[in-house]
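This report refers to the structure that appears directly beneath it.
A, B and C are the chain letters, set down in written order, and residue numbers restart from 1 in every chain.
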């Protein structure tokens, strides 16, 4: 996927000026936050489960090589095939080989961020294989030629009116008098169109929420049931998952499942949790004849053992973006790559390079709400700060910022100099205010005064006034 | 195989680990063997009768409909009544599950019972669950000729029969019984944990029941199973 | 119980750079609250800023130098108190992490951090203050500043003290715990986004119907006051300490200074 993160500021401005998008973004705030709190409050063990889940992931990550080996062995025992892909390119090639071997013209897809990360749809189309997204949200944005703007609600940036217009444009069979004014009608239409696709597909591709080392299973968690139809109807099922998805046992999966849906949508459990192990068994009347797993690294191994390792605990629930004031303001596309919001601000520099995504870890107020709601206790603001440190060390931030900061730091490091400078600065500032109580414009403070007034400072600092007060007190005592 | 060695090698280097490190191997082996349960919420840890009630309540909370019957013989009548109430054709699809097969379907004269995997024309599927999970109102089903997976997803109405004695407090109990059945480290091809009928909130976060899977999930809990 | 009269605690006030430069009355209100509670308050002249502008810009070297200065300047006090959740959070939560691996300074930073408190938390959690002797006629709403709320758990303490102010009526706003969009350098680096966030905040403030907006961090207060005034809204903005100290009759933020 083309990265537009370097243009984050322009993207954000466009997003802020887009009335349709702003209307749609209201649903992020209304649709997730209260539901999550309700689900969490109904489970007194929620915080204990967070600690438990963190420990599971930390243990797994520090033994990742061994769990991956064990996982592969168990997949093979169950009759499946494991493919290892170091890069997005490798993963795409494996998918294409499997499609070619299956003679596939159409592939259905369950919702998967990892296939977005490797840009699978564009690639398959170029190679003459037609990918069909089956999750309702993913289907909508595929019709629109867009990418997901949210990791669990891919079309959250789209309004109902826009969906209706998209369906009318793309579905030739729709008669103009067909009433599509209710969301139910739109869902029914998508269901009907996609039913046919499941049966025509030769290959079904899904992601995975977990890989279980104990049993060689892949696990998907969905609400619509499209992921299941995608994997049981075509002859070949391909799972694409990144290496950090592995957990040791089914019990570990169960611990994390208790956090996942609650944090994501406020459900106790998603509707369908499906644990798949290998292809159809000899006496099975249904299910895929081939079962492939593509294990993707694509930069994750380079996060291990660094200050960014904790990010690999992420279970992609989306709670961080659901609670992020910056995400609420600009939506997911402004971030310019696959993963938006706070988790994207940490992950994108790791996977796509800090030179291209420097804005993302900077575009945060460090309000800490993301960390507070993260079910896996990922210290997102701390890791964004680590990226800022790496940028600073490499001299990647703008020169004006660096010089300004160094000049300020020179004073802040030297208290006497600082006292002198501040006591001189205030009278100078009062010159600009001309006794007004606040500024509407101040040179060098345009970033502030463009949108808000700045209170005029007093003519003397607190420190000056305090010293006088103390001196008076001493005088009085003398 | 180069991808494999490349990834495993990078992971080991990043972790500062050596291949064949006995302590690490043992740690992993023991973890897999012990399969510790972690935190089990108190919600489902109840006397069995209360677990059954909690199961029914939680399932209804997620928009499933629940009906309790006294004995397996009552199930066909309950199914027929459901079909009539919903104005559905008098036909159901099911697998070869012995518990279902032993029920007196022939007494429902006009009811057609088709066995085998589901096809797109089936409007109603009937399955027998491996278990119910009280904590979340979830039913657990696994693939095979007895209860084909397509029956869970293709029909618009999915009727699941659950024996009350198979209702457990938590998922961990169900996972343990699966291990008993299939052996440690082994699984059926597909384990479906189903919590309510299919749904979507992808259009303006409006919750709609009935997406790609069944629009309705009807649970028949058999008390004297 | 000892018959000895307990020595009043010696408190070093960490003024914060914004209070020093923009709103000295917050410093004096803090001193009054602390002195009324029986503390001996001193203000070390060797303090400057907590270092967050450098820290949050990835400039670790300067941050460490500033942190050392601050720790040294306050080492002799029983307590270090700041009228800001953000600065107190920096001193208490982030300083120790800065010195990881430097055994000497790590110990000093940890000992320092243990003595640091945000003003409201100090008054209520440490000194056990339950009420203040102050009057404020009118309705107020309270914004939970992020660092104070999420790093230091400050939410109930200011509300509890405010409930004891005679004449004061609290009108909670919607999403009081959501960021105001200030974020230190964020608000000048990403002014458009910051503006959108603060607009959301001011509309919630307006909807609360309160005459006065209170919070515990001057950065957030200046941001919200600046936006309210640019929008022409007639809501007075003050630091919570000013009201609790009975100094709510001074000109509000952006309305003049003494």
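In this text, a residue touches a chain if its C-beta (ideal position, glycine included) is under 8 Å from a C-beta of that chain, and two chains touch if they have at least 3 such contacts.
Since we're looking at a predicted model, the values are computed, not measured.
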item	value
Chain-level touch network, classified as line, ring, star, complete or other	line
Innermost chain, where centres are averages of C-alpha coordinates	A
Centre distance in Å when subunit A and subunit C are each reduced to the mean of their C-alpha atoms	32
Centre distance in Å when subunit B and subunit C are each reduced to the mean of their C-alpha atoms	53
Interchain centroid distance [CA atoms averaged], subunit A/subunit B, Å	30
Subunit C contact footprint on subunit A (complex, rising order)	9, 12-13, 16, 325-326, 328-330, 362-369, 371-372, 385, 387-393, 397, 401, 405-406, 408-409, 411-415, 418-419, 422, 425-426, 437-438, 440, 445, 447-448, 450-463, 465-467
Residue ranges of subunit C touching subunit A (in the complex, touch as defined)	15, 17, 19-24, 27-28, 43, 45-49, 51, 53-60, 62, 65-66, 69, 73, 146-147, 150-151, 178-179, 181-184, 186-198, 200, 222-223, 225-227, 229-230, 251, 253-258
Residue ranges of subunit B touching subunit A (in the complex, touch as defined)	1, 3-4, 6-8, 10-12, 14-17, 19, 24-25, 27-28, 31-32, 35-43, 58, 62, 95, 116-118, 120, 135-138, 143-145, 148-150, 152-154, 170-172, 175, 178, 185-206, 208, 210-214
Contacting residues of subunit A [partner subunit B, same complex]	24, 27-28, 30-32, 43-45, 48-49, 52, 56, 59, 62-70, 72, 74, 78, 83-86, 90, 134-137, 140, 153-156, 158-160, 163, 183-184, 186-187, 191, 194-195, 199, 213-217, 223-226, 228-229, 232-233, 243, 248-252, 254-255, 257-258, 265, 267-281, 283-287, 295, 297, 301-306
